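Please find the structures below.
Paired with chain B in one complex and with chain C in the other, chain A is shared by the two complexes that follow.
Up next is the complex of A and B:
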């Protein structure tokens, strides 16, 4: 029964490593996009604000799979070629970056007015005020919902297998084709995602506890 | 030290300050009293430009706050210049507004180090001294959430003092405190007054205003109605509005 799984475990684990890599890379990129878009939304000029608005609504209104299809089937016609892996990472980052932008925007807005007042009254302004007073508090607030978005992102990476990228879901599909044992194999694939997301969840919980300012 | 000249401010169509003028001399304590919504907080926040104002002029130690030029040529000064002015004007808020992610010591040190570029060791020594002065020498490494309201407010006072401000603005700093904690905060302010600190104090504690202030300013409906030495003002209010306010206040007090 479990022999199939054991025999193919190295391949599955190799896929898991690729999934981890895809997730980490696109989460990091998504976080950068999220912070940038959030800041542009809040403090940008009208033009960048409008542009980021369009971006947010497109990303929220179009399924990730459709974006991936668009990338893989349409981009070659434009002559842009970033390679399949990088393309997948960019699409996932763009998609979840929109959600992270909302997380960071909400976090910055939830830093109480009085904190800004106090910082300004002490002579802080601009970047110093953001860096010393607003960002540290916003990051604490953003922590748990950020981790949550990362969990969605990890699961989202499974979609790239549909457009031909090799990672753990794709590895599973290949093993099933060979072994005809879908239950065991996809059970193993599911376990990989579950373990990653479970660890993230626990980390999120731990962060949540640390968010309170009682030390 | 502070000169307010003909300041008017609108929130949209609603005028909240009407041609307000007043002076705070160096070393003087001025108490601002008046009913809720009379514009006391707004006036204080104009002095360090936490609020914009549309007309008039405010000077701190001779320097114009926030704006240059008059009439059509009036323009807001750059943020850098405004920030410099603010760094010379301390403010203590009703809700403390300590930085929750910093220890007590860090709260007091951070502005001198980052804004004034004071050497870290010097800032630390001065912060410790100030915290001793407000009776919190044993709380240096505590986070604000661990402190009582009265302790938090005393840290906030030390934080304002750390910038060596020319004047301190205090906005109902005991209103959010449990009654038994009011005394410890007022004691600190009393001591500051004796040390010759220039202060503008918005307060509902009439007894305190009478005792600590050299001048009391009564505001109502956004306008400065009456001002004078506390004894005269409380004993012999000239305007009907102040009479009504004091009467209502005494009745409220006795209830």
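Up next is the complex of A and C:
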């Protein structure tokens, strides 16, 4: 019964590699966007603050699939051509960057007030204070929720199969069309995601334990 | 870029037709996962070790796999079994299974957030375990789960867009057809995004109102 799955395992694993690549690339980009948006939201001037609010509102209210469709259908008319894979990565990063911004903003805000005061009393200010005192502590606090957002992101990459990118979900659909064995094949696809996400969630829980001693 | 508002107005009925399906699926999925989550959390916190372990395994399984893959699994799987589900039913089932897992964790966090001392105080007053649960713990826990429930509800409304890929004619499906037919990508997708934003704004405003109404006065 599992012959179908075994016969097509190489193809699924190839898809898994693409999924990992898409996830890693968009998670890295989303983290950068998240940090930038969080800092702009906290310390930007009123205009950039308003702009980040609009960005967060749109990303939280519109489905990722709609954003992907919008990118694929609307961008060609503007003359911008980023290619299918890069486009997918950018949209996923923009979408999850909004969630990461919330993670980092909450982390910066949860660095205790006393730490800022102590740093100021030592004569630090501005960039130095942020870099030496706040950011290292904030990154620690942000660790576990960041990993959780990464899990959402890995699952989110499955949507690019709907707009035609080839990764593990798409590979699964192609194999099912050929073999008519949806249980085995989609079970295998689910297993790929499960392995990635479960490892991430264990890692997140481990981080959570390690971080909790700070305060 | 110039938007053709006449085009949007002319095709608004199509969007609204899809919006009805989106809203139906969202409402049903939210209700079903509220109930299913309660079942899962009961098993998760049951005294029976095997039951608790099974529930934990279930929660990990549904939370660590994409809902799209679950939908495909159920949709194409049911066809092979000889009892094909409609796309709507398969989508509803997949969303209920996944979000029931999330809801169970939300319930559990709410129950655990009620101080253990309150349980002890209830016991000291001579209440039985189920009385402590229904009179002391649950009324407080339910109030605490409203904010995370709101987040989950929004996630679910957005996830309904995925059933467009198993041929359910909801909003995103209609939008895609409309773009394929007219090539008016800007008009279609800006309208679609605006409709989702409007639905989510209304739902989260309503739930925030609920949150304020049930809040424990301080």
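Quick note on the criterion: the second predicted complex is superposed on the first by the 212 of 215 C-alpha atoms of A that agree within 3 Å, B and C clash if a C-alpha of one lies under 4 Å from a C-alpha of the other, contacts with A are read in each partner's own complex, and residues count from 1 in each chain.
Here is the rule we go by: a residue touches a chain if its C-beta (ideal position, glycine included) is under 8 Å from a C-beta of that chain, and two chains touch if they have at least 3 such contacts.
Only a predicted model underlies this, so the values are computations on that prediction, with no experimental measurement involved.
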item: Partner chain(s) touched by A:52 [first = chain B, second = chain C, both, neither]; value: neither
item: Partner chain in contact with A:117 - chain B first, chain C second, else both or neither; value: first
item: Chain B versus chain C as contact partner of A:155, first or second or both or neither; value: second
item: Comparing the two partners chain B and chain C, which touches a greater set of residues in chain A; value: C
item: Contact set on chain A toward chain B in their complex; value: 112, 114-115, 117-126, 128, 132-133, 136-137, 140, 212-215
item: For the chain B and chain A complex, residues of the former touching the latter; value: 48, 50, 79-80, 82-84, 86-91, 93, 95, 97-101, 110-111, 114-116, 143-146, 156, 159-160, 163
item: Interfacial residue positions of chain C with respect to chain A in the complex; value: 60-61, 63-70, 72-73, 76-77, 79-80, 154, 158-162, 164-165, 172, 175-176, 179, 185-186, 188-189, 192-193, 196-197, 200-201
item: For the chain A and chain C complex, residues of the former touching the latter; value: 57-58, 60-67, 69-70, 73-74, 77, 151, 155-156, 158-159, 161-162, 169, 172-173, 176, 180-183, 186-187, 189-190, 193-194, 197-198, 201
